[in-house]
């Protein structure tokens, strides 16, 4: 694949696409997007966070996307929108070079089983493998070296980057984005101990991903033991994430990098798990829960809100003393209670 | 590869295979396995955990695998076994569609060095690479896109799923299962600092996996600096695990997802490390140790038992207050001691 | 690729290469490197840590690399150096079989776009993919199944092991080592919430790796949202590491396994992050900071030194009591203050 030449737009076209109010030259041509600080001539910048308001007066951008309240302070052409961050998202997609490539078809070095069913405009990259019984919807892109296992289905408009692995019998919805190195449908971690060694439990379930799911690089979503692992619509999963067998993730939830979720746990809708968060197995996390980075959750959560565990970093010398005291914490609490009791027992002055 | 049609068994055949006592129709044909709640006609369910006893009376399964003590409560045909969970494991393997495929041979798109030695019934998938000097035992399956490096040996009955990487000079025992994206034998993390920059220490050792080892998706087992990284027999490793150079893991130990073990640490036999556990380098963990999820172990453990660290999640507002106090913990303990001392020093009432 | 036969050196040649003082037989031929304890005849051992001094008198090595102060205690030929650990690093590279292979050229099964520019002595392994517009410097080795995306540049002397993925538009310096399963340039995790669902922010930046960077197996370095993710010269990154979009890592820093760094955080030069460390987004970590294993850093660090968080593992029964007290910590501290106040308020004895 070659990156196509950068696309250009007039400010008028952009205002139209983003449904923004343009104050400035509708015929001005721009060819890219940058921060207020880095943008130069021919580029659009955006102001979506007050912290960057200081960069507005000196920007060299040709135009700025911003909230009407900052319009007066803008020294160049501007595109006014109520939610400039959403506007930035839309603009970034306009300038995305991958969004407008012509499909390259099936590369001669790819291995596609004759029983696979390919939709219209499907692209299968070099060295990719499509096994028997696979169904690929319209406009699906399978990157170089990716493998789609037997009988799996991938919905229309989905893209697998290079070296993705989808096991057999996996169902993926429409417009999925799977990044390199991610693995969908490997065996869950299931063994029965016979008193001396482990006996494997064959993992007979599958994985079902809803529509508009994104999975980051090197993340794992394991297949179910019995029944399926279920990822809802519009779920966004970052890199290095582990989702164990029979987990369920509700629609619109987002999991940051290095999250690990143990078997059969159910995460609700609109949840957000920070980087490195761990959830024990067989829990229920209700809708609207946020968990901050590197927290460990060992009990179900039934009330929406923000949850945390752990302790923040401090200088090692200070930490050593406090960490030792942590090991004495129960004893310290008992000593405190004893003192309080003595106080109460002692006669008044 | 195509998934073969589901296999069917009579209850009599299953009772025979599992050495279970059948109470019911020996000629009844079943074609799958499900939970008590989900099973329908033609499926076998199992009861291995009292928590699901409530689902027994209403099950629509054709038969249930259970302990004799629950036999009377079973509304349908039953298979009685002393350890129904082990029975479930055995039954799951009977119904595993991957267990009875005919080997597909070496795919024409695979790249197999002429000096490699392949046993009987070996399967090498599309786009796989077998380098010079490799030995593959009988019944080995190498998945699509997997790479086996020069001079490595893989024991009979082992299966590498798609996109697995085995470096050069790695030794893998019999009946191994390596899941997609796992990497066996990459360089350990070894550098000497020369005062201004890092000098690489070539990693000249290898990796040896015993028999019956399973490695999950996207896990890493690094090669030794000098001498080998050693994984014992029947060791089960989940997804997203990092095992550094010269680590040793004793037989029958199990490591859950996202575990990280630093260099040269030795883990005993029959140990169980929970998800996200971290072990520092150069430790010795004795046999029979369990470490709960996301704990950090920085000292050797010489006594079997269960170990933990960290703090469980709580509401963020509550957590913030407590986490601040953690930073004052040593000072709080000293203030408490001072109060106690004053108490002792004060004259009696 | 075949591993070449082990190379042999005389002690005189080694002394010359390492600039060491030889006391012993310059013509003695050695063929490998081992620890003091494991080395046999024909092997060189080294003493770089006093903990192993006990193994020196009984070593069966043919020669030992050590500091002059231990020369007298050495029972065999010796190579004296002020920094024996650096000497060991240099010696390990002399004996590295991968260091002296003849380049194998472009394998016929590789897929190389005709527009790619390949330097001298470039090796491209079986099933590898080089997309359009790629530039590979002299002596670059691309392992089997690796994919280099459109318009990416890889500097001379760099090596990608098998199944590495480099996305489009990535720039990698000279002498890089990228281990299997690592992914450079996948999309950063960027979405704008429109009130009901996530809108993708196209990740339009790239990734730039300096010279002499090493990246471990299954690690992820994401591309920038706008502008590039920047990894400095001589940065060493272990396995299972996640580096988010627009992170910057200063020269000579080292990141151990399972580290996770959230978006836009800047890590200084000569920093060392222990295994499993997590850094929140948008932080600044100054030069010369060390963070111990599994610590969470949620605030910028402006002073060099060692930082830590968390609590070490203890027996689970003890831990349970202390972890419960952690949840009461703020309340305990308040009770302590109350007692102190009462003490002050009470009339003197």
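Here the chain labels run A, B and C in written order, and each chain numbers its own residues starting at 1.
Definition applied: contacts are C-beta pairs under 8 Å (C-beta built on N, C-alpha and C of every residue); 3 or more make two chains touch, one makes a residue touch a chain.
Predicted, not measured: the structure shown is a model, and the values here were computed from it.
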Interface of copies chain A and chain B: same or different residues on the two sides (over or under half shared)? different
Cα rotation angle, chain B onto chain C, in degrees to the nearest 5, is 120
Chain centres from averaged Cα atoms put chain A and chain B apart, in whole Å, by 25
Within chain A, the set of residues that touch 2 or more other chains is 109, 127, 145, 163, 181, 218, 240, 258, 276, 310-312, 314, 326, 328-329, 332, 336, 339
In the complex, the residues of chain C that touch chain A are 109, 111, 113, 115, 127-129, 131-133, 145, 147, 149-151, 163, 165, 167-169, 181-183, 186-187, 189-192, 194, 196-204, 218-220, 222, 225-227, 240, 242, 244, 258, 260, 262, 276, 278, 280, 291-292, 295-299, 301, 305-312, 314, 318, 321-322, 324-326, 328-329, 332, 335-336, 339, 342, 346-347
Contacts from chain B onto chain A in the complex sit at residues 1-3, 32-35, 38, 83, 85-86, 88-90, 92-93, 95-96, 98-99, 107, 109, 125-127, 143-145, 161-163, 177, 179-181, 212, 214, 216-218, 234, 236, 238-240, 252, 254, 256-258, 275-276, 293-294, 310-317, 319-320, 323, 326-330, 332-333, 336, 339-340, 343, 349
